[in-house]
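Each structure below appears as structure tokens.
First chain A sits with chain B, and in the next complex the same chain sits with chain C.
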Partner chain A sequence: MIPFILILASALCVKGVINKTRARLAGRKGCRFFQPLLTVGVLLGKGEIYSTSSTWLTRVAPAVYLASALAAALLLPLGVFPAVVSFDGDFILFAYLLAFGKLALVLAAMESGSSFQGMGSAREVLFSMLVEPCFFLLVGTLAMVTGCGSFSAIFAKFDNMSVNLLMLSLILAYGFLNVALVENGRVPVDDTRTHLELTMVHEAMVLDLSGVDLAFVQMGSWLKLSIWGMLAVNALIPARTTGWPLILWFAAAMTAYGAVIGLIESLMARNRMTKNATYLVTVSAIGLLGFTVAFVLMTSGL
Partner chain B sequence: MTIGDIFPFLTLGSLLVFAAPGTRFKGITAAVVIAAGAVVAVIAGVTAIVLPEATGGSTGWLPGLDALGGVFALAVAVSGTACAVYAVGYMPGHAKGKSGAQTGLHFASLVTLFYSMLGVVRATDAYGFLFWWELMTLSSFVLVMFDAQRKEVLHAAAGYLVLMHIGFFMLLGGFAATEGGTAFFAGQGMTVPAFLLLLAGFGMKAGIFPLHMWLPVAHPAAPSHVSALMSGVMIKMGVYGILRAALALTPEALAAMGALIFALGAVTAVFGIARAAVQTDLKRLLAYSSVENIGIVSIGIGLGTLGRSMGSDFIAYAGFGGALLHVLGHANYKTMLFLGAGSVVAAAHHRDMNRLGGLMRRMPVTGTLFLLATLAICTAPGLVGFTSEFVLFDGLFGAVARGELVAASAAGIVALALTGGLTLMTFTKAFGITFLGNPRSCAARDAREANATMLAAQALPLAGILAGTLLYPYLVLENADALFGARYYAVPTIDTMITVEWIMGGLALFSGLLLGLKRWLNRRASAVPLRRPTWGCAFTVPSKRMQYTASSYNRELQTMWGERGAERQVRELAEEEIFPAGHTFSTEDKDSTARAVTRWFAGGLRRWTARLALFQTGKTNHYVLHALVLLILILVLSLCGAL
Partner chain C sequence: MMEHNTLDRWFSCRPGQTGGTGRIALAEVPMLPYPTFAADMRVLLSEKDGTPREGNRCVAYFAVRDAAGGDLIFYALVACDATGEVLAAGHVLDYYQEGFPESLAKDIPAMHVYEREIAELHGVHFTGAPWDKPLRYPYNRHHRDDSIDTYPFYSIDSRELHEVHVGPVHAGIIEPGAFRFLCDGERIVHLEIALGYQHRGVESLVAGTRNRLRQILLGESIAGDTAIGHATAMAGILESGAAFGWQGSELVRCERAVALEMERLAVHIGDTAALCMDIAYQTGHVACEALRTLVINAMQGWCGNRFGKGLVRPFGANHRLTLERAKQIETTLTEVIGRYRTVGRDLLSTPSVLARLEGICPVTRRQALRVGAVGPAARMAGIRRDTRLAYNFYPLAEFEPVVVDAEADGGNGDLLSRLKIRLREAEVSCAMVMAGCKELAGRWFEEYPAPDYGRPLARESLVFSLVEGWRGEICHVALTDAEGEVSAYKVYDPSLHNWMMLALSVRGAQISDFPVSNKSFNLSYCGHDL
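The block that comes next holds the complex of A and B.
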């Protein structure tokens, strides 16, 4: 239960960390730390406007999106703290739960019948398709190194304190960070703050949502941000830590995760849309690199 | 209890159809005959799987049906019934202007196709097998060319017939080759040459890359219930053959052939779905997606065979088990998708998605059913599509975790992951562009909901999609011993699936709570939500033509691969007119692989026949000489005792 609560708690903060980092690097004071929460609070008090071309799908989809992110969060452990639900192959369910939420959101977007939403959906599914092999390869690497079949068992057993595996741990964390950037629509794949609809990916999909629906989608996005962060954190935290030190490690690593995203967003420009495919294949190559390194380490008798 | 041979049923049923008056009654007769067979097939199939020793040989419900055949009989029964019932509602509208004999022939062929598939899975010798196989090809050929007045239909049907017969001769060769026939039915001792011939022959039916060229041509040409039956189960007969041949392989051939099937499967899956993702024709998209699913099944068969070669029960269990689960699941949801596409085509008169749209509000039930099948094919957890993919992924990850077959498993994981992502892309397009948004043509705007019979038929496979998540693992994985002789019960998959169902139940409940919360937050607003046109970037006259189309949806995917070979543009301009009045513009998809294979084959054939044309001089005296030479040859040979 502890990892789940930690994910929920960090979901409320990561966005603030990113904003603060970005503001500080730009020499601004920045908005309040919990400003995203206040924005969503305002949205929760508003009513929705639905497109004339929409059906029940648009009304249900945001709730399904949030619920599926929450269900995926149930499957994540933190080091030796096991996940709420855990079974052999739970990472497959994890990937498909997030895909299910995405499917719901894509269909809701396409219901609006606008080309912006169509554009956003097409890009979103294309990018997540290209990054999916990376996620599975990274998890496959972990499964190979530990010989286990579920997230909880893998991260409880993943011993990154030996010299060889420390390197692997860094590659994995970097890989998960990249998957997180793509799945959450952050720079360099997508820019959440872009003002031009033609260059939007994730934001274009939710253009026609309003009120409570938009609030649900925002909350789902926070959750996804910290879910993917949780994977990177799990790869990084030292093995065999437990109790309060583990929670402190988590807090430190999660803050670092937010700070790194903020840093990337301050220092890098968004890719040209046509270059994204190449970039994403490179991300998958990181997964393959991790896998190959682990394979060589395993066969050379480690 | 024995029902005896099914052949009387078949002849009786086919003739009954001709006797019935009118299209509707012909359809009802065919549906009743098929449903009767389906009930027998379901009972026989399930008993054959669950109690294999009690039904072995000729004592079961269907003589000759073993556990493996039972799985396929189950798939045939569900899809066959759904398609036959659908035809009752669909054909009266579709068969306008056809004579009673034509519709009679159509329904008789439908009955024949259904029973010949059951015949294939229970054949116990090569003659019986090839007889039913050929009958299956011929009856499906008649079904495909129902609309033979259209040129492309005739073309597709003829191509189908030719390709299937090339495949047939390969099967013949495979059965005739050393140990081919006996090994296939005895389940042991299959040699490599015989297996390769059988793989090519069965692969032709199943649509394994690069022999898939008939699928995307024949499926759009056939009436929708025929495409559904062919795509849902008939191509699975090829899988049945491959599976049986792979299970019969000699121990020394297992590793190489397993790797071959695995690699072919991975290529077929990625290729099929990548082609499907760029289609704009709804039925052709579904046809390519069937190619992809056959690829996934082949990955499973290959993995199972590889597992067998290494003596790893776990890998064999996951591979074969995943393949069989995928066969059952795909038969359900692909039937549903094709039937849904049929209703769309019947209502909106277009297969081109660029001319559809907004059908969810005009055909809510068809749309909802299509959505459920879409969710299943996109492997939404809690539906049947997830089960098979889960077992396959679990097998691949398990192999990696055990340190066996690491490189191959990693390749399989990447292929399956890419396939999964592209499936999401393909089917959000198929559903989103067809059913959501606003209509892109007048025909789509005026579309009406399909009739009750068609809806009921479309809803029939839903039972499999919902119940199959738990039922199919029980049937296939708990009886893995009888099916493919591999046992592995560390954690029964069915337990995992129950956990997944609980999570999905929780997800549904929580979504419901969120919707309740939304209603509570909106309590002060009016009961009817505010409806406004979609925001069009402050553009004052937004047009329905400005929506994203199917072509635009896959635009970036196409640019990723480069424009080459993506599509061919067809312009038709009236040239003789000084002021050209109307002109048409269309883009046509081009499958360069299928084209290359066909061209290579046809080119080779032409070259060889050109050489033989040496003898065709056109002079009578030469022909007389040929006859004389032949006679002398016969005389000499018989004198030598060679004849």
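The block that comes next holds the complex of A and C.
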């Protein structure tokens, strides 16, 4: 239960860390740390407006999106703290739960009948598809190294304190960070802050949503941000830590995760849309690199 | 260069000696038979093989209805940079004449805006004109069933292509304009731009009042980001009644030059910020935004308005650039240009920024010539075209416009060229402001003329004024009656010519690159729609 609570808690904060980092690097004070929460609070008090071409699908999609993110969060452990739900092959369920939420959102977006939503959906689906191999290569590597089949068992057993596996741990964390950037629509793949419909990816899909629906999607997005962060944190925290030190490690690593995203967003321009495919293949190459490193280490008897 | 007799037929004046303004008595404008006029225009504007001439361009071509006979009288002004001349001629369309004259735009594409406007205002549909698309209204004024909703966008019947429509209401705080993309997946096949949603009737408002103050205020409001540019152009016209070289004209002209360059500097820096924002490069964005604020605040310190409204007035001004104010501007700009240089170096050495700009949304020099591009949009494509060069009196004697050379820079009019021209022009503008301040410091003892709103314009004349605003060549033309009042007023904002550049730049480009290209031209909607 502890990892789930931690994910929920960090979901409320990561956005704030990113905003503060960006603001500080821009020489500004920035908005309040919990401003995203206040914004969602306002949205929750508002009613929705639906396109004339939308059906029940549009109405349930945001809830499905949020629910799938919550369900996926249940599957994640933190080091030796086990996940709420855990079984062999749960990481496959994890990946497709998130994909299911995305599918619901894509279908809802297509229903609105606007060309922006269509464009955004096509891009979002393409990018998700291209980043999927990376996720499975990374998790597969972990499964191979530890010989286990569920997230809880993998991360409980993953011993990154030996010199060889420390290197692997860094590669994995970097890989998960990149997957996180893609899945959460951050720079360099997407720009969450843009107002230009034609350049949007994720934001274009939710252009038509309003009120509680939009609030649900935003909450789902925070959850996803900390879910993917959780994976990177898991790869990074020293093995065999437990109790309060583990929670401290988690807090530090999660803050670093937010700060790194903020740094990337401040110091880098986003990719050209066509370059994204190349970029995503590179991200998958990181997964392959992790896999190769692990494979070599294992076959050489370590 | 051109046949001798062509030059002889057209009335020639040299506005270079008079700060870009010229006045021609209406009786002196030669009225040619249309075939002669058309042939002369072809000779003036294009080479023998049909390519447009770099140095010559039509700056105004419009028609007015003769109150007495109902005939349409057409006037055309052609600027020849090489000789520093502006040639004027016209032709008359008889009220009872059947059929329309032959279109010039089909051979000289740059003429399309003028012919479309004439068709829109007077119903003269030139024979063979490519497309009498509405220009300053978002619908066909001559068709009572036409409205904004039934606008006939260009379309292609195809199962592979899809249409994306943006506007006229946009997400950001920008003006209204409709963009219709024909897309093949993510690739733009064709972009059609429909403007006119901002039409306010500026030209008739100016002609409809005798109040000079109101006229210059209207001039300041033609395009909010070019307040000084348009006001300077209009002031040139309002001052046409006095003999050239009236008391204090040098002083006022020098101040206007400084103001124009400050406007250019501020907008170029702001545009750099906007470009960075659109490619999500936060560091460049915030750095440039801060610098722009410094420049426009310096402007506020001078005249009380950050955009220079209230500064330019006919025959004088209310805000003298005193030694103290000049000193403040010099200090500010020295700091600004130093920091802007650093930003420029940073932009040109950041790989992710370069990857976003290099080779993207290019416009070739040939395309720019054909559509009649002006200002930085023309210069970034390698055309040496700058009104300051031939027609304006400026404090910097050895002024040379910045031209991004396609061969030397390797940028074929792409986004990077559009960034580079801003970085370089800012340097030149800064140097010119400094030179202007120095020049003014040497004239502190001269009496400062107060604005005069009472003087009539030159009587029964065609008065024109050419000014290089930050966006390019601004041309104002007025026809005056026997009392020296404006009977017809025409305004040509550089955006009028450059919107086609935007449409061409995104042909074959990615649709996600359109907003960046749009920002890189930063064209005016209201300046176009008037």
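Convention: the second predicted complex is superposed on the first by the 302 of 302 C-alpha atoms of A that agree within 3 Å, B and C clash if a C-alpha of one lies under 4 Å from a C-alpha of the other, contacts with A are read in each partner's own complex, and residues count from 1 in each chain.
Here is the rule we use: contacts are C-beta pairs under 8 Å (C-beta built on N, C-alpha and C of every residue); 3 or more make two chains touch, one makes a residue touch a chain.
For clarity, every value in this text was computed on a predicted model and none was experimentally measured.
K.L.:
Once the shared chain is lined up, is A:115 touching chain B (first), chain C (second), both, or neither of them?
P.N.:
both
K.L.:
Between chain B (first) and chain C (second), which, if any, makes contact with A:197: first, second, both or neither?
P.N.:
Both partners.
K.L.:
Of the two partner chains, chain B (first) and chain C (second), which one does A:272 touch, if any: first, second, both, or neither?
P.N.:
Touch partner of A:272: chain C, not chain B.
K.L.:
If we overlay the two complexes on their shared chain A, which of chain B and chain C does A:107 touch? Say first, second, both or neither.
P.N.:
First partner only.
K.L.:
Does chain C touch more residues of chain A than chain B does, or is it the other way round?
P.N.:
Counting residues of chain A touched by each partner, the higher count goes to B.
K.L.:
For A:242, using the defined touch cut-off, is the partner it touches chain B, chain C, both, or neither? Pick first, second, both or neither.
P.N.:
After superposition on chain A, A:242 lies in contact with neither partner.
K.L.:
When the two structures are overlaid on chain A, which partner does A:162 contact: first (chain B), second (chain C), both, or neither?
P.N.:
After superposition on chain A, A:162 lies in contact with neither partner.
K.L.:
Please indicate which partner A:132 is in contact with in the superposed arrangement: first for chain B, second for chain C, both, or neither.
P.N.:
First partner only, chain B.
K.L.:
Once the shared chain is lined up, is A:22 touching chain B (first), chain C (second), both, or neither of them?
P.N.:
Second partner only.
K.L.:
For chain A, what residues appear in both contact lists, the one with chain B and the one with chain C?
P.N.:
115-116, 118-119, 197, 273-274
K.L.:
Help me check something: in the complex, which residues belonging to chain C touch chain A?
P.N.:
162-166, 171-172, 186, 276, 278-283, 285-286, 290, 350, 352-353, 355-356, 360, 510-516
K.L.:
Considering only the defined contacts, which chain A positions touch chain B in the complex?
P.N.:
44-45, 47-53, 55, 57, 59-60, 63-64, 66-68, 70-71, 74, 85, 87-89, 91-93, 96-97, 99-100, 102-103, 106-107, 110-119, 121-123, 125-126, 128-130, 132-133, 135-137, 139-140, 143-144, 146-149, 197, 207-208, 211-213, 216, 273-274, 277, 284, 291, 295, 298
K.L.:
In their complex, what parts of chain B are in touch with chain A?
P.N.:
357-358, 360-361, 364, 371, 375, 378-381, 386, 389-390, 393-394, 396-398, 400-403, 406-407, 409-410, 413-414, 416-418, 420-422, 424-425, 428-429, 431-433, 436-438, 490-491, 495-496, 499-500, 503-504, 506-508, 510-512, 514-515, 517-518, 521-522, 525, 529-537, 542, 544, 546-548, 552-557, 559-560
K.L.:
Considering only the defined contacts, which chain A positions touch chain C in the complex?
P.N.:
Going through chain A, the ones touching chain C are 22, 25-28, 115-116, 118-119, 187-188, 191, 193-199, 265-275.
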